[in-house]
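Heads up, the next two complexes both have chain A, just with different partners, chain B and then chain C.
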Partner chain A sequence: MMKDNNVIQVENLSKLFGDFAAVNQISFQVKAGEIFGFLGANGAGKTTAMKMLIGISSPTSGKATVAGFDVYKETESIKKNIGYMSQKFALYDDLTVKENITFFGGIYGLSKKQIEHKRRELVEELGLQEVTNSLVASLPLGWKQKLAFSVSLLHEPKIVFLDEPTGGVDPITRRQFWEMIYKAAHNGTTIFVTTHYMDEAEYCDRVSIMVDGKIEALDTPKKLKEHYKTDTMNDVFLKLARG
Partner chain B sequence: MKRFVGFVRKEFYHIFRDKRSLFILFGMPIAQILLFGFAITNEINNVDIAILDQANDVASKEIINKIAASKHFSIVDIIQQESSIESIFKKGKVKAVLQFENNFGNNLIKEKQANVQVLTDATDPNMASTISNYISSILKKYQQELNENISIDYQIIPQSRMVYNAELKSVYMFVPGVMTVILMLVSAMMTSISITREKEQGTMEILLVSPLKPFQVIIGKVFPYIFLSVINAVVIVLLSIFVFNVPVNGSLFLLGIESVLFIITSLALGILISTISATQQTAMMISLMGLMLPTILLSGFIFPISSMPLPLQVISNIIPAKWFIIIVKGIMLKGIGIGFVLKETLILLLMTLLFIGVSVKKYKIRLE
Partner chain C sequence: MKIILYIIKKEFKQIFRNKGMLPIIFILPLLQLVILSNAATYEIKNIQFGYVDADNSSTSRELIEQFEASTYFNVSEKFPSEKEASQAMQEGTIDAYLNIPTHFERDLQKDKTKGIGVFIDAIDGSAAGVINVYITQIIQNYNKNIVADLIQISDTVQKPNSIESIPLFWYNQTLNYKTFMVPGILVLLVTMITLFLSGMNIVREKEIGTLEQINVTPIRKSHFIIGKLFPFWIIGMGLLTIGLILAKVIFNTPMLGNLGLLYAYTSVYILVILGMGLFISNFTDTQQQAMFIAWFFIVIFILMSGLFTPIESMPKWAQILTEFNPIKYFVEIIRMVMLKGSGFVDIFPLAIKTLAYAIVMNSLAVWSYKKTT
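Then we have the complex of A and B:
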């Protein structure tokens, strides 16, 4: 089903809004277990591209498969196999930690037993024992973010899509967050992450940079820096984005 | 099914943890029905009236006794001359003056008709017309008693200075009206707010990325409100029966079915509103301005449609509340069956289907 161990295959994928090509014929592959950084300035088309991959926006043309399923016809199967966390914090503030876990486990069809098991594991891992019955609203942002990430992994998806997951979070929490990402990747989950922080781009296995709807560069951070003859990903990004 | 139960449970957590929505859900209906019930009521009790008895004979005395015995009035003053009427009204305590003409009893027997003047303080027109109605009915009763004893017809002609308020008959209107407003408010406003809240928080995106289908999300979100609205309808009907003695002459079952239909109409409107508004504030403003005001003003709840200018009468036809009020009024007050409200029911049904159709079309199943 999956060619060459690629969990995401994209070929000439486009999305038009009227005459405007938000995403213009992009092609790339993501390998299983990879941490794939999806970079671009605001309005470059990152979010639109991502929405097509997670099955909530239909492409205008091109081909793409996610976890082996077609983005046109098999969105239901895609949804079962992916996790998603958006830049907006996306758990319910007025539910407790426990209720959030139960709810999201439930909508992914986990059994009571599985949810119970996962919840214990997760609470212990994040050290949330004291607050399982507190409303999520009362938690610090960093905790919420980590919790949201863990919740998106509840149903053990093959791929998890993270849309600017660390926005507004302090550097220490960001560091911890990336440790979690590494751990998930180590366990075999593919990570597809968009970010504005160029230091985070350095943590990725491979990085693509989108400019005006097109992918202008795609390689490991090391090779990109060599190619553009700079010391940091930040400079690579600036060179490309300024065109 | 298990997913659905989990989803609905989560909705109930949202509702019961948000004090504002709890208040709108349960405080509002009770407050409104009590407010409207006591404010627009035709019950009058112990209204202070004065008597100007220029006849001072047996007939006038008998009538005065009857009025004094009634629980609706208490006679606080007997005045001697016409000139004091104005000053007594100006003090504001006395709401009506009953003036018997000279030779009231004599006229009644000899001329077979006699005049009583009922002067009412019409600064409160509803009150005034109610008072004059009550007094008229007491006079009528006395007249009937007289005619029973003696075979000749005597006529007491009460001259009321208030024109009989035709709207007085439909004073029970407030129950159908309040019921309509509450069901509209709870169903349309609360659902549109709760759906847009998910959009605003970003959780809608998470739900759409999950294996739940969009229609499952929507059904899951509106289901609790169907349940709560039905409870509200029951509370309103119980309150109106036991607190205000409004009769339910028709079938309670039919009333229930029609209420559920109207609740679904309102929910569909709520969903429609949520598809066109991005924030909770917008949803609330559209619900209040676009739904609540027309529902209150143009549905015939407060202002009779027949006395509106023609353009407004035409507009009133597209307001679901108008049809529901006709249905509820018919079932509760007139006791009519489905046959007589078939047209209204079909109109509501069509509106509901239209709203659902448009929502489905507008609802961005795949968020663009």
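Then we have the complex of A and C:
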């Protein structure tokens, strides 16, 4: 394993858009197998920070490695080792469930046999037997999100990045979604997740809270609540975000 | 290689599943081919024609009979003098008239040459050019010794040399404009459809967010681009095929040259267009933007392609600009191959430029496609 068992190492990472620092010198580490909650208000810079880590946006300054690879020079190696689910649903609406799985499995370079195997496993797990040959467009949002999460795990990545994965879905589906996240973490996948829902923050091993491009707090939910002398993560967040 | 196949399969599924898109790809262009080829014609018929015959000899009467026999001319009136003829043209009742001077027959026999006046309403310069050619041909056929002195009416007169720069009259003996237009319009359709589809395709994935999902996969840029563009290359070739069949069946357009040569050239040509489409989609964020930019270029390309107006009559700077117009190359080559039977050696200079264009365009497109911003 990597040094200190950290799969993500970030040091003073910044991203400037003109004069505006969307991400301002953030530093943190994520351990292998951890569920790391990346919290912050809208516009706090969560998505920008995440995009640098998954190799689709170049940092302005600072250092970072993901799965041991440099975010400047080794973005393609990073991409082999991570899964990503964006806040916008990003599977193909005009392809069926089966076709989406085949396509994404295919471009990750899985063999036909592997794809077939994964697909069966996945369809069974998600209970999608009835709709494997239906267009994804016809699925309810909650199912789509679960499918997107499963697809991001197809190639068994070391780390999976989830950008507000439960936005707009009902509480039951959110609950099921988090069960899936736990299961993936249990299987050794590191989870890096951003969310607006503070109850979800409680499910994380550790959380960081970003305010205006900076990380203002980083610890386990329990310790954060103690430190800020509140009962819920919601209050912790409000205290920090309001300044 | 396997990865490319996965992308190609996915693209084809999406294309054929899109019920709104299919007719746009295949039916509309072919309707356009049929309609445009019939409508976009320079063929001028029913020319209202008058004359002044000051000579009133057997030669002059025979000459007028030639016009009466032509299907292009409606010989309407004999004017007593040029003044009345000129008046009629001012009023717009005639499009052209002939002024046969006195002693026409005598001078022709004595001097072996004689001029007669040809007056054409040249508000529509290109129509006037065509009328002039018709008139000249009829006179020349009748007697090579008569010199038609062209006098054009109207202040917006076109220079007579624009008349000679329409190459049609040298290669298409039957003056069949459809034979001339069909190959050109076919080029237009192949170009428009492949440019629009390829330009909008990748930007569409940007819009719906799937491109980001693709960009976080370890897929290689070149694999993705080839997989994305190949289906449109196939569609372009398919359109050419259907178009050629229609051209043969409906318009009986000749195919004097080698069909294989035409396909070989088209396969390179479509690469230029696909590269352009990709380039456009790399610099736009929405399908509307991509569409507008594609339209901007298409309109310029069409107007400066030599399809409707001859390049030779454009100003020098415009002629230089047409060197960057891929449609110009294809229009020229498809006409050469289909109508003149030109071979590989004949089209080589144009083909090599097209190939260079394809290489430059695709390099630019691949370079400007960024997985990381």
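Going forward, the second predicted complex is superposed on the first by the 242 of 243 C-alpha atoms of A that agree within 3 Å, B and C clash if a C-alpha of one lies under 4 Å from a C-alpha of the other, contacts with A are read in each partner's own complex, and residues count from 1 in each chain.
Rule of thumb we're sticking to: contacts are C-beta pairs under 8 Å (C-beta built on N, C-alpha and C of every residue); 3 or more make two chains touch, one makes a residue touch a chain.
Note that the coordinates shown come from a computational prediction; the quantities given were computed from them, not determined experimentally.
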Q: Sticking to the clash and touch definitions up top, decide whether chain B and chain C on chain A clash or fit.
A: clash
Q) Should A:Ile54 be classified as contacting the first partner (chain B), the second (chain C), both, or neither? A) both
(Q) Is A:Lys80 touching anything from chain B or chain C once the two structures are fitted on A? First, second, both or neither. (A) both
Q) Of the stretches 79-87, 115-123, 133-141 or 331-339, which one of chain C hits chain B? A) 331-339
Q | Common ground on chain A, meaning residues reached by chain C in one complex and by chain B in the other | A | 54-58, 75-76, 79-80, 82, 84, 86, 88-95, 99, 102-104, 106-109
**Q.** Interface residues, chain A side, partner chain C - complex
**A.** 54-58, 75-77, 79-80, 82, 84, 86, 88-95, 99, 102-104, 106-109
Q) Across the complex, what residues on chain A touch chain B? A) 17, 51, 54-58, 75-76, 79-80, 82, 84-95, 99, 102-104, 106-109, 135
Q) In their shared complex, at which residues does chain B touch chain A? A) 2-3, 6-7, 9-10, 13-14, 17-18, 201-203, 205-213, 366-368
Q: Mind listing the chain C positions that touch chain A in their complex?
A: 2-3, 5-7, 9-10, 13-14, 17-18, 208-210, 212-219, 371-373
